[in-house]
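Structures given as structure tokens follow.
Next come two complexes, and both contain chain A; in the first it sits with chain B, in the second with chain C.
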Partner chain A sequence: MDNYLEVSNLSKTFPGFQLQNISFSLPKGYIMGLIGPNGSGKTTTIKLILNMLKRDSGEVKLMGLDNISDEKTVKSNLGVVFDSNYLCEEWTVAQAEAAVSVFYKNWDKKKFSGLIKRFHIASAKKIKELSKGMQMKLMVACAFSYDAKLLILDEPTGGLDPVSRDELLEILAEYIEDGEHGVLFSTHITADLERAADYITYISYGELFFSGSKDEFVDMFRIVKGGRGELASDLDGKLIGARKFSTGFEALIKSEDLKLFGHLDVEPATIDDIVVFTNREGD
Partner chain B sequence: MKLIISNVSGVPIYEQIKQQVKSAILSGELQEEEALPSLRTLAKDLKISVLTVTRAYTELEEEGFVKNVQGRGCFVMGRGSELIREQLICKVESSLTEAISAARMADLSPQELHQLLDILLEDKTDG
Partner chain C sequence: MNDTLKAARLDLALIRPYMRNICFTMAIPVAFAAINRSLVTGVSFAMCFIAMTAGYTFSVSEKSSMDRLYGILPISKKNLVLGRYLYTCSMGLLAFMFSIIVHPIVLRALGTIVQPADICLAAILGILMFTLYTVFQLPGYYKFGSINGRIFMYIPIVGFLAILLFVSELNITNNPVIAALAGNPIAAIIATMLVCVIAYLLSITVSVKIIRSKEV
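Let's turn to the complex of A and B:
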């Protein structure tokens, strides 16, 4: 069981939106970032994985088990963090622990109180009095307290300040250090992923654009820049999402076309560049 | 061993790790049979991806500087420093060859070129 998550040909149709044939897998011990612009299907994918939405077709395996027929076993090994808090707002932190812990046989009270202390969460406070960063860390603390093998986070860094974001990434890196845990996390703030993620799955308009190692993803593209006159018309078709302006142009190109653009300024592309340019209609 | 990752240097992170490990081997800071930092711990500490460190360590192994022992870690090879020295000598040779061809274009005599090298060497030892 080397893959903690295996998604094959997952599809779901809504009026006006279609998630089509999404397939990817995440080996244990690594972090995967799920990226794509708003409305591209990231949250739908996560909800399908968690069986919160009924899939039309396809298969999802978590830690080798089917996400529907083995739902109970799967979920006792799964931690989930959403961008909004799912705990009752009127509860205190201590009450939240009491409510959540009954669902998990292996809940570790000591570990929870240790994490609460480490994350500086005041346990007497009500959930609604906690900041967004604190609420997020509380959800992470819950997942860690029953030793979830796989952590799935949906937009965990949205609305967080840089300090909390950095803290979260540190927590995740520590979590996978032993090689026995995995993380799938969706975000559109790709600076978070630029360093921490091992794998990238990029969904655009409901279709899988890429899934594989981050380095491979970033290596697939380059940014090319030049003056307007420097672009021969036969090269125009090789540009992705070109932006042209009075003094020049910039565009994304595939690395395999690199030699055609040897005479122009070429620089490495960031994940953000790739997402932005691949979603632009060229000029 | 000191390992620092720059975000602005433009050099890929795995390459930065490789270079710093190599110079630590060459300077003798990392001795033969000494273990490199654990892959996953290093990734966590530097806040970089595990696969990036894996790539750096794998390439160091392919180039003969270290060996990966499954389940135990990554260790410095005996001939590592020798190899790096050879690589560096190669680099010096090719840079000098480049300098010579530039000197020819500039019509510099061999003596002048020698003089130039001496001056530069002196500068470096002073600084």
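Let's turn to the complex of A and C:
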């Protein structure tokens, strides 16, 4: 089994929002970034993967198993970190371990206490007394303590300071080092992905925009910059998204159209540029 | 460990910080029994009070957004529900054991002699009342949550008053079925057990259906 996560034609309709035919796969040993602006369907996709929402159609396989018919086996090998704490706030770290560990056959107490020490989490403190960064690390420690094969993180870095974000990315890099684990990492802080992700899945307004390697994704686009009047009107249609100023403009184009813009300044696009400009739809 | 037991243990862990309050709640019915010099009153109040704490697990889990934890644990929704019923019934059983042992001792110390028939009647009424309250409360909490469904916390009080009214207004002791059961304690105990099992089976079925249709 090469893919730890396979999502095929996943769809879900809510009043006012539709997630349509999302398909992507994550090979084991890699980190995939799930990106898109707020409300694009990232969390819906994750909840459908976790069977917390009922899908309208499509299929989800985790480690080769169906996420609904083999739910228990799948979830025994799955670690999840949400954007905020999901453990009882009144528990101490030790009480949280006692409550959660019974659900996992291969929970390793030594590993958990080692991780708690490594992450500098005060085990006597109540969870509500821990900082957001510490709460996030506690959820990571839980997932690592039963050797979850696949880690799913839903906007984990949202409220973290740069030091905590950096630490998390280091932890994830270590986690996939042995080639036997995988990470699906939803975020809108794309700088994290520039550093950590191998693959990108980009969802925009409920539709799949791209899924593939990060390098391929970044190489697909370029940023062009020019002064006022430097952009011929016939090229306007080739701009995926543009930002116009009184002195000039900058825009995102497809790399395949690059020769049409040879007279302008061209720069490589960042993931952030791609997400921002593809959602501007030309000004 | 069985999945239902694991879920019940998780619920117990949720209310651990509130255990002192619950224990204090159990002390109040002792006073009721002493003031009224009645074991039936004391046990009925104890079961009414403990049923009122049935929503604690829902409140605590709602406060900490624990639906997401339940969504990622390797356990079926049915077992989560069964675990909550097991926890609730265990709390009811503990309250029942406490009141059925402590109240007669207190009454005896105050000079009121408690007959075995009183104990039998108090036990049957207490268990029936607790069942009646919780079989409606738990599906209500599952459906509406602890905040929107806070009205379900008052079911035991309303139920207790309704039962008092029912007994006094309808002169229930003259009912032939009740009279027959009163004359045959074993039949009364079996009938109580049967009613409780059927009521819980129906209640669990409804709760499982609610939780399966819910999206987190």
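We adopt the following convention: the second predicted complex is superposed on the first by the 282 of 283 C-alpha atoms of A that agree within 3 Å, B and C clash if a C-alpha of one lies under 4 Å from a C-alpha of the other, contacts with A are read in each partner's own complex, and residues count from 1 in each chain.
The working rule: a residue touches a chain if its C-beta (ideal position, glycine included) is under 8 Å from a C-beta of that chain, and two chains touch if they have at least 3 such contacts.
In this text, all values refer to a predicted model and were calculated from it rather than measured experimentally.
Peer 1: In the overlay, answer first, second, both or neither for which of chain B and chain C A:Tyr104 touches.
Peer 2: After superposing on A, A:Tyr104 lies in contact with chain C but is clear of chain B.
Peer 1: Under the stated touch criterion, name the partner, chain B or chain C, that contacts more residues in chain A.
Peer 2: C
Peer 1: With the two structures laid over each other on chain A, which partner does A:Ala173 touch: chain B (first), chain C (second), both, or neither?
Peer 2: First partner only.
Peer 1: Contact-wise, after the overlay, does A:Gly64 reach chain B, chain C, both or neither (first, second, both, neither)?
Peer 2: neither
Peer 1: Look at A:Asn85 in the shared chain and tell me whether it touches chain B only, chain C only, both, or neither; answer first, second, both or neither.
Peer 2: second
Peer 1: For A:Met52 in the superposed arrangement: first (chain B), second (chain C), both or neither?
Peer 2: A:Met52 contacts chain C only, not chain B.
Peer 1: So, does A:Gly227 touch the first partner chain B, the second partner chain C, both, or neither?
Peer 2: neither
Peer 1: Of the two partner chains, chain B (first) and chain C (second), which one does A:Pro268 touch, if any: first, second, both, or neither?
Peer 2: After superposition on chain A, A:Pro268 lies in contact with chain B alone.
Peer 1: State which residues of chain A lie in both footprints, the one left by chain B and the one left by chain C.
Peer 2: Chain A residues touching both partners: none found.
Peer 1: Flag every residue of chain C that touches chain A in the complex, lowest number first.
Peer 2: 1, 6, 9-10, 13-14, 16-17, 60-61, 63-69, 71-76, 215-216
Peer 1: What residues on chain B touch chain A, complex-wise?
Peer 2: Checking each residue of chain B against chain A gives 10, 12-14, 40-41, 43-44, 47-52, 55.
Peer 1: Would you mind writing out the residues of chain A in touch with chain B in their complex?
Peer 2: 29-31, 169-170, 173-174, 176-179, 195-199, 213-215, 268
Peer 1: Taking the complex as given, what residues does chain A use to touch chain C?
Peer 2: Within the complex, chain A contacts chain C at residues 47, 50-54, 71-76, 78, 80, 82, 84-91, 95, 98-100, 102-104.
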